[in-house]
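By written order: A, B, C, D, E and F. Residues from 1 in each chain.
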Amino acid sequence: MDAIAPVTQAEARALLRDYVNAIDRGRLGEWPNFFVDACSYRITTRENEERGFPLSIMLCSNRAMLFDRIEATEKANIFEPHSYRHILSDSEIVSESDGALTMRTSFLCVRIMQTGETMLFVSGEYIDEIVREEGRCRFRSKRVVLDSSRIDTLIAIPL
Amino acid sequence: MQTDDDLGQRVAWPPEGVARAPYVLFSDPHVYAREQAAIFRGAAWHFLGLEIELPETGSYILSHIGDTQIIVVRDGRGDIHALVNRCAHKGTPLVFAKSGKVADRFMCIYHNWCFDLRGDLVSVAFEKGVRGKGGMTPSFCKEQHGLDRLRVHRICGLIFATFSPDTPDFEDYIGPAHVANIKRVCGRPLTILGQYSQILHSNWKLYMENVKDPYHASLLHAFNGVMKMDRLTMEGGITMGARGWHHISYSKMTVDPGGEVYEKATQLRSAEISAYGFGLRDPVLTDVWDDFGDKVSLTVQDVFPCFVLQQLRNCLAFRRVRPLGPEKTELFWTAFGYADDGADRKAKRLAQANMMGPAGLISMEDGMIGALIQDSIQGDQDKASVMELGGRGIDAVEGSRASEGSVRGFWTGYRALTGL
Amino acid sequence: MQTDDDLGQRVAWPPEGVARAPYVLFSDPHVYAREQAAIFRGAAWHFLGLEIELPETGSYILSHIGDTQIIVVRDGRGDIHALVNRCAHKGTPLVFAKSGKVADRFMCIYHNWCFDLRGDLVSVAFEKGVRGKGGMTPSFCKEQHGLDRLRVHRICGLIFATFSPDTPDFEDYIGPAHVANIKRVCGRPLTILGQYSQILHSNWKLYMENVKDPYHASLLHAFNGVMKMDRLTMEGGITMGARGWHHISYSKMTVDPGGEVYEKATQLRSAEISAYGFGLRDPVLTDVWDDFGDKVSLTVQDVFPCFVLQQLRNCLAFRRVRPLGPEKTELFWTAFGYADDGADRKAKRLAQANMMGPAGLISMEDGMIGALIQDSIQGDQDKASVMELGGRGIDAVEGSRASEGSVRGFWTGYRALTGL
Amino acid sequence: MDAIAPVTQAEARALLRDYVNAIDRGRLGEWPNFFVDACSYRITTRENEERGFPLSIMLCSNRAMLFDRIEATEKANIFEPHSYRHILSDSEIVSESDGALTMRTSFLCVRIMQTGETMLFVSGEYIDEIVREEGRCRFRSKRVVLDSSRIDTLIAIPL
Amino acid sequence: MQTDDDLGQRVAWPPEGVARAPYVLFSDPHVYAREQAAIFRGAAWHFLGLEIELPETGSYILSHIGDTQIIVVRDGRGDIHALVNRCAHKGTPLVFAKSGKVADRFMCIYHNWCFDLRGDLVSVAFEKGVRGKGGMTPSFCKEQHGLDRLRVHRICGLIFATFSPDTPDFEDYIGPAHVANIKRVCGRPLTILGQYSQILHSNWKLYMENVKDPYHASLLHAFNGVMKMDRLTMEGGITMGARGWHHISYSKMTVDPGGEVYEKATQLRSAEISAYGFGLRDPVLTDVWDDFGDKVSLTVQDVFPCFVLQQLRNCLAFRRVRPLGPEKTELFWTAFGYADDGADRKAKRLAQANMMGPAGLISMEDGMIGALIQDSIQGDQDKASVMELGGRGIDAVEGSRASEGSVRGFWTGYRALTGL
Amino acid sequence: MDAIAPVTQAEARALLRDYVNAIDRGRLGEWPNFFVDACSYRITTRENEERGFPLSIMLCSNRAMLFDRIEATEKANIFEPHSYRHILSDSEIVSESDGALTMRTSFLCVRIMQTGETMLFVSGEYIDEIVREEGRCRFRSKRVVLDSSRIDTLIAIPL
């Protein structure tokens, strides 16, 4: 039965690819659908992690908060139009347990303003916990650990 | 060489005074130099950090006042010193990590001169030369080559410093009401929840104007407006600090009597937003409590020129603003709670932290607005902004935040120190 | 503060006049400031965009004149307005997308002040305060706080604007022959094929000199030389515009009588190139037609200071040059065709577009040459370029393009406006 | 028979790798050989695509034009010596039909001037149609969609 | 416009003279401009490269003197010329590759003007126009439009040049002892092992002070201290060049009599390092030989302002320093050996090259220390560094390197040329 | 027997991933363990390679030198605290002989200073010779060829 079938690295990797593609192509409405209901999404920094500080730059502890966040981004918040381009390096399997696969992946994210200005926006690691639900792979937990503690301007679009 | 007259001439402040801010102030390098001397090295107090960042003897953090790096260190007697991070020999910084701990001295990496925790020079490598040859010139006297040490003031675990002997004592500098709010918010043992910073592509003053501008809070941050989290129609006001240089903007956790303007007035953006008809899907952002038993749910306090103490419901933070040249600024955030917070309150503060910082639901726009302005005014260096909400002066409008008096208060302090 | 005398002193234009261009003009920030005031804010017309970019009421594009952002918008009466994109309150840009559409007003995101499509201030948030408290100072009068509006001239769907009341009417500014060429190329309904821009790491004037320099076309762009596409030996010439500030360089689609010089003269680079002995493998670049029935296959026209209209055979484009400080420039390209182009002609124009833009077979070098010069002259701020081809004046050499008269014409306009 | 054997993702990915390596190593003469005769190569921008503008920054609608372009680049055009370094992220299979595989791949391209100056030159997506010809995989169509509409200086070497 | 008095006023050199270096010198753009004129265009010799980089007629390299690009080329008679890389027409660089070979002339890419290998203008495209129309103005005379040519001096295959007719002859400029050391190290046929460069985020003078500062070598580079590779306690000294502008620091390959200070003196960082108790695991770095039969294992020589000749045991290199504005510098390294080196010696030199360059075990810190200083002094433009080791003058301390005399020598030359 | 079993591309790729992860996570002490005893590690530049210059920016011709280098980096040398983030593109197998696999891989390395300042530090190619030893894959040779000959500030941490 599906829920039993363990998540393969290929499936996990495909999820990650589709996730960043959805963001890079501006399909933000799909963002919450990459997660299960009882999920956790965090953006934090390597420095806070190393110093044991629990603060997040962005924190959603369930899928409803993902919807609230993205609705704010699309309707309430105002910012200069821009898009991202994510580049993924190889993934490392950290653990596999009861059908959940935990994976670490180095990434770069380039930010492109509508003016054309292009910059290396952030670098860091994805630490993902991926499960199968209704036959489809989703994130149970996604932790985005940024290498830098200094953010340029703002983070409106999730990483 | 730029003379002072040159500068006054170029800035040419309009007759309306602090109801105007000439745009040239936001990009001119000579104005920037004047600010460094008159404000950052001048008669003003600057926030450096927290005592809890310095747990032991020799614990230090690296902070800044304008263009100057400052070592903040705890000595063996428990005193805290603010030292300019520049070796007296050839200018090498003594420390270059954000924070750390030394035993009882700072050793310069370049030629190993050593300074004690008060900044006094205690040893010079090869001072006597080698086998009687070389060494320091006889007239050299260590006493004259210590690190520059600043005046320090500590209040509720917050550390402030000033370069100038002329700066009034801290409590006179900000005034009793402002001392009271620091004690209100920081009067209990604090705990740091985390830190990060933001690069703002604008002059530092555009950010400080933003902080001191209650007018924008519910308009630029539409999330505030539509979520009824902070509106000018709520009960609240502005409390001006000593000489009007500082301000506290506050509002109360009450129902919003006249709030329908935010949904109806077609000249407000919040009225155009269809979202949130039924509020947020997740209640955590609105699941708040009265931290100080006074029903005041929001306070934003600044200490002129560059310090901010923020209470957004239960989301508490210090902000420190550092200019990086005329057109770039770094904004340092420290989120905090209380040592005695239970797991539940801590968790809720962390959730409410979604409102602050570079991704903050009601702060992200502040990271960008200054850069937009910086770009759009560059062609109009001869023009000025217009601030006439609540008059042209700095008197608080009793019980109202529909005033730019606090922004004019910033310019009052600015003009007093820079002479512009 | 820089005085005008200082500047004249430093620039020290050589006695040869416009046959020389002092290198200091290409990097000095004070010269740049002078240009902003005297040329971009001064008595000159600047291209903003096309009417077809503004199809409906409220349609706008964001354009620039020098350092100033300009909103170009169509109002309900079909009039087109050029407004400075800077809110009268505190300088926030009203729009920050490249293009868009509003209903009937621009609402500032910072405090929601609203301006109509003519730039008049129509509403101020909380103008009357809240419950009678706060609000704008009584003396405040909206009429005095609209957006700055520029003079606009429209010709064949092209939109030009100027800040100065002293600028001559557009047609007098460029002269009849130049009006005629705009009508020749843009006299039929246009359609946009696409847009992109280039960052040039040089002063904007190095690019404009390049545009107005027919001397380089067949030499720097060896592709032209070897492909016999544009050679000084072809029939053609320069038509100078009013006061010599503007130029049209043209050549005819004829056989090249004296062209062998390009293959023989060992002092020309084209002679060294063995490629293309038998022409291109694919004919599309040479499969051209006479768009205007006058056998003129190439025209490059400029309107001083920063507009270019290009006809490279059937590859048509507008270029707009925007300075980004003394040593950086952005070049905006808009390729176009005609509304009535059939699929075949459209496809051929798109193929010929290989000749233009950042990857253009006969334009890519123009994106780099200025940056090379910028680097190599920086050590010689006291020297000047030498332009003596075709004399030292600005009279066109009848039927010849072996002249730098049009470049000297640029400097003639430059000196007239800047007083340098 | 070869032409029938569908192109596998691994083969397509290897083609893409060899393609960018040939460019990054300066072997521009090989560039046309990565395409079939009846091919199309375009560099365009996300903005032009989204606004429905057909303009290209570079357009070759058959292999002869690829040869003409690269010959111009190597012999006629003049520019400061520089090289590229391409980095590829994961590919997404868009479709597979009659032996042709269509694939989208995010990429970064770094430009290194001979002076050593290194910059993030462009980011974007490759949209590739790959077929097997004479037993070897080649591009039938390659569309390079740049995230930015603002190009630094020039594009002499194809992307 | 900056006048000289302005500059002297702003710099305000302290009465202690060369025992102080005002921090304003390290970031002020007007000081930078003065240096370009008085030092880089002034009466000083600058290293350009090596004869072996120019094997044949027409071989050239692109080098720099300050902000100016210099072509170094060998002509048909074997003479070597240093030409400013700026076309006399409109300033285009004639070459823009790091090195290459031309037949007998440089052809400008922009309009194909040609210059011979001595820099004389030999052809102008379309000088006579086309079919008698256009062409250069009759008064134009090619003789007056050649490339600027510098004075060149060659010694042991090293190429130096100067702009100024007033610069003393090279050997008088550096003095006999310094000529002798160049002949000592470069007196045999050289072979290049490789080249790379480093970007330093500091003013160029912070790097040159570092080069001329024997005080730091064993302290900043703890690897030196703990590995006993170079210590002030070793036998060695400083040899000052003509007028004290230049220096040679040397030490001998002997046991270290007083070295225990490095392990014991708690005020030295090396004493804190526990590593290497038993030396390196691999012996290659210490497997050295006496290259010059004089037991001198280390020499660092500079020729004011920007050239360094390094002998670190058997690791030999030239360094050339190029300023890139007031706060950025490029450091070019060329590692070399001798044409008659056997495979074994060549391999060992390559292994010892681990000590030099951006990853050098005893040089990496030099790439960063200037940037640290640049940051930490920016807030103190009115202060100065203090250099009183070995007195306040420039006399060498016989047989000792515990002196900053050589750094003061740098400032002696600097003040003489800049007049500051 | 192990030594016989040829190194697979997947194993080689995993080694490369673990190698850069160890560096990016600051576990420099592990660095020598990714190499066999009789190994060679070099950082050089494309320009030096193309001009036939043998100079290296960093050169270790055996494992002892790797230990000496990293001990110096950690104890003797002084530099501002910083970390790297490596991104790998696809690998090309150059040769496989007597159990050794030779592979070329394009990479980017981003440098993050403790201040948060993030820059594209270097780009280039790894040219790796990988063997199996005691049942584990290790580098017998690793050549890091940088695209640029101009290094920003310094290279303290190996690439």
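Definition applied: a residue touches a chain if its C-beta (ideal position, glycine included) is under 8 Å from a C-beta of that chain, and two chains touch if they have at least 3 such contacts.
Just so we're clear, the structure is a prediction, and the values are computed from it rather than from any experiment.
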Grouping of chains that still touch (sans chain C): one piece
In terms of CA centroids, furthest away from chain B sits chain D
If every chain is reduced to the average of its C-alpha atoms, which one ends up farthest from chain A? E
Since chain A and chain D are copies that touch, is their contact same (over half of the numbers shared) or different (under half)? different
Report the inter-centroid distance (CA atoms only) between chain C and chain D in whole Å. 31
How many angstrom between the C-alpha centroids of chain E and chain B? 44
For chain C paired with chain F, centre-to-centre distance based on mean C-alpha positions, whole Å: 49
Just how far, in Å, is the C-alpha centre of chain F from the one of chain A? 29
Scan chain F for residues touching two or more other chains and write them down. 78, 80, 87, 108, 115-116, 120, 149-150
Counting only residues that touch at least two other chains, what does the list for chain B look like? 96, 109, 197, 220, 365, 372
The chain pairs that touch are A-B, A-C, A-D, A-F, B-C, B-E, B-F, C-D, C-E, D-E, D-F, E-F
Touching residues on chain E, where the partner in the complex is chain F: 192-201, 220, 222-223, 226-227, 273-276, 280-282, 284-285, 330, 335, 346, 350-351, 353-354, 357-359, 361, 364-365, 367-368, 371-372
Which residues of chain D touch chain A in the complex? 46, 87, 89-90, 92, 104, 106-108, 120, 122-124, 147-150
Of chain C, residues touching chain B in the complex: 1, 36, 40-41, 65-69, 84-86, 88-93, 96, 107, 109-112, 114, 123, 125-126, 129-131, 133-137, 139-140, 145
Where on chain E is chain B touching in the complex? 6-7, 9-10, 19, 21, 23, 209, 215-216, 219-220, 232-233, 258, 265, 267-269, 365, 369, 372-373, 375-380, 385-392, 397-403
List the residues on chain F that touch chain E in their complex, please. 43-45, 47-48, 53-59, 61-62, 64-65, 67-69, 71-72, 75-80, 149-156
